[in-house]
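Below are the C-alpha cells for one structure; questions will follow.
Labels run A, B, C and D following the written order; every chain starts at residue 1.
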Amino acid sequence: MRFDLSEDQQEIQRAARDLLGGRATFAQLRTVVAEKDAEPTGMPDLSRTPGEDAALTAELAELGWTGIAIPEEHGGQGLGLVELCAITEELGYAVAAVPYLGTVTAALVVQHEGTEDQRGDWLPHLASGQLRGATTYTGDRVPVPGATDAALLLVGDPHGGPAALYAPGAGIAEDAEAVDPTRGHGRIPIPELDPEEELNPRGEWLGGTPTPSGAGFDRAAVVVAAELVGVVQRALDMTVAYVKERRQFGVPVGSFQAVQHGAAQMLRDVAMARVLTYNAAWTADALSAAEDEGERARLAAELPVAAAMAKAAASDAGRTVTAAAVQLHGGIGFTWEADVHWLLKRAQVDAALLGGAGHHRRRIATRTSSVPVPEPTADEPATD
Amino acid sequence: MDLTFTPEQLAFRDELRAWLAEHGPAGSLGEEPDDEDESWEWRREWQRTLSEGGWAGVHWPKEVGGRGASLTETAIFFEELGRSGSPLPADVLGILLAGPTLMSWGDDAQQERLLPTILSADETWCQGFSEPDAGSDFAAVKTRAVKADPDDPDSDWLITGQKVWTSGAQYAKWCMLVARTGDGRGGQEPGAKKHQGLTYFVLDMEQEEVDVRPLVQITGSPEFNELFLTDARVPQSMVVGGVGNGWKVALTTLMNERAGLAFFLQVRLRQALDRLVAVAQENGSSEDPVISDRLADLHLRTEALRLMAWKGLTAIEQYGQPGPEGSLTKWLWSETNQLLVQLAVDVVGAEALTADSRWGYELLRARGNSIEGGTTEIQKTIIAERVLGLPRAS
Amino acid sequence: MRFDLSEDQQEIQRAARDLLGGRATFAQLRTVVAEKDAEPTGMPDLSRTPGEDAALTAELAELGWTGIAIPEEHGGQGLGLVELCAITEELGYAVAAVPYLGTVTAALVVQHEGTEDQRGDWLPHLASGQLRGATTYTGDRVPVPGATDAALLLVGDPHGGPAALYAPGAGIAEDAEAVDPTRGHGRIPIPELDPEEELNPRGEWLGGTPTPSGAGFDRAAVVVAAELVGVVQRALDMTVAYVKERRQFGVPVGSFQAVQHGAAQMLRDVAMARVLTYNAAWTADALSAAEDEGERARLAAELPVAAAMAKAAASDAGRTVTAAAVQLHGGIGFTWEADVHWLLKRAQVDAALLGGAGHHRRRIATRTSSVPVPEPTADEPATD
Amino acid sequence: MDLTFTPEQLAFRDELRAWLAEHGPAGSLGEEPDDEDESWEWRREWQRTLSEGGWAGVHWPKEVGGRGASLTETAIFFEELGRSGSPLPADVLGILLAGPTLMSWGDDAQQERLLPTILSADETWCQGFSEPDAGSDFAAVKTRAVKADPDDPDSDWLITGQKVWTSGAQYAKWCMLVARTGDGRGGQEPGAKKHQGLTYFVLDMEQEEVDVRPLVQITGSPEFNELFLTDARVPQSMVVGGVGNGWKVALTTLMNERAGLAFFLQVRLRQALDRLVAVAQENGSSEDPVISDRLADLHLRTEALRLMAWKGLTAIEQYGQPGPEGSLTKWLWSETNQLLVQLAVDVVGAEALTADSRWGYELLRARGNSIEGGTTEIQKTIIAERVLGLPRAS
C-alpha cells in the first residue's frame, strides 16, 4: 500500500518536468500562437499544424513519450497508465502546444478495444508519433484536440454503445478554432453511431463489429483527467507565487483571509482530482496485470466508476481552479499578458472532452449502487 | 408595494419604445461592425442619434441638454435600451460619470467648456483612476502631479505616472484622472494619510506627453488601455473640486457608476438566458433535469436582480440614499453571468468552446465581471463593513 | 413603482414586531419547550398543544391576525397577501411558538380553491383562530406545522392535481416530534390522492370535485417563504451582533475577512429571498385586484412562477443562512444555550414545507419558457 | 503506486475481521443503549473486550500492552472497526491522545502510573484545552496555575479557570489540561508572548475543586461538558514535559488526533451514504436525476477521502511527515457529511426532520463537524499558511 508514485515513476515525471521546464515555457507558447495568428505570406506551410510546437512534438516522439503505454510488440515502451498519466500531467502543467493528448488517448482506445489487426495497423504509427490521433464522443460537445483530417479519429458513444475508428483523410473532422489556441482542434459533428447504418468509407467499427465499448475510453478519460491535474496544479502554483509577491493596502495580498481561503479551496480541488485520477490509473494497470479471474472481474467493474470519478473531479477542478486563478490574480489575471489564461482555456476544453462532470456523475450514480466499496487486496494471491 | 407604472411613466416608455423601434436594431441602426475602431464609430454614431432624439442624457437636467427624467424614467430608459437590443452609447463614461461629476463639483467655466460636447459625443471621455499597484486601493495611487512653477499657484500641473483599465482612451478627448498632489504645491506632506493629498483633474488627451497603449484581454480584444503620463500638462483651471479633494470627488463618480447600468445589465442577462433556454429547447438539453435545474436557478437569480434594481431605486426615492443593493447587485450579477456562460458550454456544446463564437467570447469575457469595477472580494467587504457595520479588518 | 411596504403595511409590520419583541422572546420560547419536555405529572392537559404558546396564540387571534387576509364577509380583515407576509415574516423573526402558519395557509387554500360552501364553513373559524389548520402536499416530505388531529387539513398534490380538505378529527394526522419543537407538528402520510378513489369519511375534494389545484397552494407557499425570510433575517441580525462583540486573537471576530464575507453571503441570500417573496405576494394581490381580463390572465400565469421563485430562494436561504449563523457563532453556536438553533430547526422544516427548492426549481423550469419577461404595467388601464 | 496489501497486512486484517465478527455488532456486542450513561458503560465494556483481545492499542508498543502495529495496520484497524459497525472505544482520548503524549513527553514515573490503566479503560481521560474565550486560539488560554507555596518548587499547583468541550469529563479519572504558569512560579512574566508560559498538567478529576457541568448541544444531548476549576490541585509530579513547555506538548497531542480517526470517519461516511442510497432506491428518489447527481458527488467525495487518508499515510511512511491531508481531510469530511445529511432530508422526507429519528439527529449533529476540532475557517488558514506557505494574516 503506497499511494505515491514509485521511484521509477517519479523519475519519469521528473524527467518530463525538467525537459518541459526548458522547452515548453510560456514564452515558447506565445511564439507558437503568434506564428499561427500571423498574416499568411505566400503559400501556407501544410506540413505544420497551426498552434502546435512542431519541434517539441518531434522531440517527444523521439523520446518515445507517445508510445510510453503502448505494448512493446507494437513499438511502444509497454509501461502503464500511471506512467502515462505522470507524463501527461506534466504536459498539462506546461500547457504544452503538442498533439500528445489526442494521440495517446487514441492509442489507448485502439489497444484496449481494437481488433488484433486494428492494433497492428495503427499502434506502431501512434507509438512513433508519425501519426496523430484524436478521441471523442458523438454529439460534438467539444472541439477535439488533435482532430485534423490527417488524424486517426476514435469516436465513441457516451453511453457505452459501439465506437468507430476513422482512418486519416476520412473527411470527418472540421477545422475549429478552439478557445484554447495551443494545439490543432477539430470538430467531429457526428450526432450518433447507428449500428444499422454503414460507416464512412474510411471508417470501421472498433473491435471489428458494433459492440459495446468502454475499457479504452475509460482509460482515455483518465489521461484527460491527468492533464487537467497538471493544469490546475500549475494554476495553484502560479497563484500562490503571485499572491505572495503582489502587495495591496501595504501587505502581500496572500495575507488576506479571502485570498488564503480561496487558495486553500484551490488546493483542495486539486488534491481531490489528483487522488481520484491516480487511483483510476492504478486500477486500470492492476486490471491489465490481474491474472486471477475474480480479481479481473472485480477490477473491471471498478474501473468505469474510478474513471468517472477521476474525470468528474478533474473537470470540476479544471473549471473552478483556473477561474479562481484568474480571480486571485486580480486585474492582471484578466489580461493576455499574464499567463493564467492559457490554463483557463486548456482546462475548459479538457473539462468537456470525453464527457463533462455531469456526464460522469450520471455514470457514477448508475453504477455505484451495484459496486461494493473498493477495498485493497493482496499484491499476491491471498492465502485463504 | 406597488409594482406598476404611472400613466406618465407608461407614456414615457411607449414614446421611447416607438423611438427605439424606429432608430434601434429593429430600425435604422444596422449591425455592429467586427472591427474595433469601426465598432466604436458605430456606437458614437448611435450616441449622436440618441442625442438628436433627446435620449442621450435622459437623467441630465433640461438646461444642459438632458430630458430631466426622474429616477424611474431613467431606469425605464436603460431597461428598454437593453430590451431593444441596442448598444450603450459610445461615451457612457461621459454621460454617466464625467457629466454628473462636473455638475456636482465643476465650476461654471468647466461646465460651460465641457458639458455641451458630452451628449453629442463630439468629445468623449476616459477614466484614469486605477493603477497597476492600486487595483482596488485608492490610497495607493502613485501618479504624481506637481506645479510647473512651484512658486506660481496659477501655473500648470505636470502629471507623471501610469493608469490602467482605461477603456476608450484611444478615442477620448478628456480623461478624468486622480493624481497625488501632496501638500498642494507638488511636495508630499509628511505624515498625511494616503487618501489625502489626491486631486481630481480633467486631462486633455491630445498631447504628446500622454501615451495610450492597448491592453489585450484574455478574450484577445484590447478592450482597455494603459496610459503612460510623462509630465502631461493640465492647467489649474482643470482641477475639479479643489486641490486635495480628489478622493471625495472621485467617490461621487464611483457612486454614480452603477445606478442606471443595473437595469441595462439585468435585461441583457435575461436576454442571454432566454437565448440559452432557446438553444436548450432546440437541442433537447432542457430535458436533462440537471440542466433545467441550473437554468431555473439562473431564472431565479436574474429575476432577483431585476427586483433588487427596483428596490434600490425605491430606497433612493423614498429615503434619499441607496440601500445595500449596489454592491449586492454587482456581485450577484457577475456571479450569475459567470454561471450562465459556463452552463452554456454544457448546453451549447462545441460551439461554445470555439474562439470565434459569441458564447466562446462570453465565456472568457465573463471572467472579468468579478474583477472590473471592484472585485467581488471588495464588494463583500463593502457589504460587511458599510452595510452590516462589521468592524473594519485591521 | 415602489418596491417597499407602504406606510400602512409598514405600520402593521412594526406593530407585529413590537408585540412579538415583548411577548415572543427566546426566553419565553424556552419556557414553552421546557413545559413540553417536563415529565408528565397526573393527567396530561389535552387542551394544550405541546410546544405551543397558548397565551400568545389566543392573543394573536384576538388581535385578528389569523384573519388578516380573509375576506371581511368571512370574518377576516380583508387585507392582502403582502400584509399577511409582513406579519408572518415577524413571526418567523421571533420563531414564535404559535400555530399561525398552518392556519393562515389553510385559510388561503380554502379561500382561493374552495367552493362557496367550503369557504363559508371554514373561513370564519380559521379567521377567529378557534380552529387551527395545516397545509401540505402528498408524499409526507415534512412534519407539518399545526397538523394535529384537531386541525383542518389541506392536502395538495405537488404536481397540481386535485387537492383534498379533511375536517378535524379525520384521523389523518399522526403526532410527530419535529426537529423544530416549537409548535405542534404532525405527519400526514398520504402518498397520493387518486380522483378515482373515495376519500376518508371526513374528507372532501377541495372545490367540490377533483379538479387541478394551485392558486391557493401557491399563495400558501409564499407565506411559508415569508416566514423563512423572517427566520433568516433574524439569523443574520444575531450573527452580526455576535461577531461584533466576540473577540479572538485580540480583535472582534467580525473583523476577519472570512467572517465578513460569510456575513455578506448571508445578507445576499436574505435579500434574494426577500425581494422574490414580496414580489410574489404583490403579484397575488394584483391578480386578486385585477379587473381587466387580459391583465388577470397575465398575472395568473405569472403567479406560479413568482411563487416558485420565492419558495425556492427562501428554502435555500433557510438552509444556508441558518447553517452559516451556527458556524459564525463558533462553538457556542452549537450549544442549546445559544439561540441560533431555534432558527436552524424552524428553517429546516419550512424549507421542506409545501415543496423544497428543488421542487420549485422544477416548476420554474417547466413554466418559464412559456412565460414572457415580467414587465410592470400601469396602475390604471393604459390609454392606447 | 501500489494499492494492495502485503500478505502480512492481509493476515492482520483477516484476523481482525474474524475477531470483530465474533465480538463486534455481528457477534456478542449487543445494541447501544439509549441512555447516555449506559451507552458510555457499554462503550467502556467494548474497550475492555478490545483490550482483552489485544486490539485496544494496536499502535501502542508491545511493552505497554499494545500490538506494535505499523501505520498501515493501524489504518486497517480503524477502517475495519468502522466497517464492522463497531463503536469507537470509550476512552478514545486516552488511547489516541493521552497515551502517545505520555510516551513522548512523560517521565518514567508518569508512564508507570498512568499508561497501564488506559487501554483497559480502568481509568479514562478527558481533555482540557479549549476555553470559552479561546476557541481556536491557544495563546488566549486564561486558566491559571500557581504554586501552593511560591517559595517551594516542589509544592502542588493550584489551578483555576474554565474549560469547555470536554467530552467524557463526567466519567474521567484524568484530565490532560493546559494552564498558564507564567514565569513558572505562578507570576506572569511581563512581555512574554502569550503562548509562552503554558504548562501541560495531568489533573485528577476526583476532587471537589473540579466541577463538571454538562453542556447541551443543539441536538439536545449533553455530549460535552464545561469544567470549572477552583484551586484544583495537581502535584508537581504531574507536570508533563516541564513547566512552560505546555504549548509544545499540547501540539503533539493535537497532531495525533486525526491520523487514525480519518480512516474510521471515512468508512462511517461511506456507510451513511450507502444507507442513504438504499433509501433513495427504495422510495424511488434515486430516479430523480438531480438527486442522483448529488448522490454521485457524495460518492466521489467519500472515495476521495478514503484515498487521501491512504495518501497521507504514505507521506508519513515515505517521508516521515504528514502531507497536507490532515486539514484537507477534516474540512472535506465535515463538509461532505453536512451535504449528506442535508440531502437526506430531500431523499428521506418527513422522517429526516423528526427529532427522534437517526437522520434527524445526524442533521443537527453534523453542524458541529465544521466547528469541533478546529473550525473549517481555521483549517483553511492552516492550509494556506502552513501548506501553501502564504504570508500570515496580520
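In this text, a residue touches a chain if its C-beta (ideal position, glycine included) is under 8 Å from a C-beta of that chain, and two chains touch if they have at least 3 such contacts.
These figures come from a predicted structure and were not determined experimentally.
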Per Cα centroids, the chain farthest from chain A: C
Pair with more cross-chain C-beta pairs in contact, given A-D and A-B: A-D
Gap in Å, rounded to a whole number, between the CA centres of chain C and chain B: 40
Whole-Å gap separating chain A and chain C, where each centre is the average of the chain's CA atoms: 50
Touching two or more other chains - residue numbers and ranges from chain B: 288-290, 293, 377, 380-381, 394
Residue numbers of chain A (touch at least two other chains): 256-259, 261, 358
Interface residues, chain C side, partner chain B - complex: 1-6, 9, 82, 236, 240, 243-244, 251-252, 254-257, 259-261, 263-265, 267-268, 271-272, 275-276, 278-279, 281-283, 285-286, 309, 312-313, 358, 361-362, 364-366, 368-369, 373-374, 376-380, 382-384
Contact footprint of chain C on chain B as seen in their complex: 1-7, 9-11, 14, 72, 83, 270, 274, 277, 281, 286, 289, 292-293, 295-297, 299-301, 303-304, 306-308, 310-311, 313-315, 317-318, 324-325, 328, 331-332, 377, 379-381, 383-385, 387-394
In the complex, chain B residues that touch chain A: 130, 132-137, 139-140, 164-165, 215-218, 220, 288, 290-291, 338, 342, 345-346, 349-350, 353-356, 360, 363-364, 367-368, 370-372, 375-377, 380-381
Complex contacts: residues of chain C adjacent to chain A: 256-258, 261
Contact footprint of chain B on chain D as seen in their complex: 288-290, 293, 394
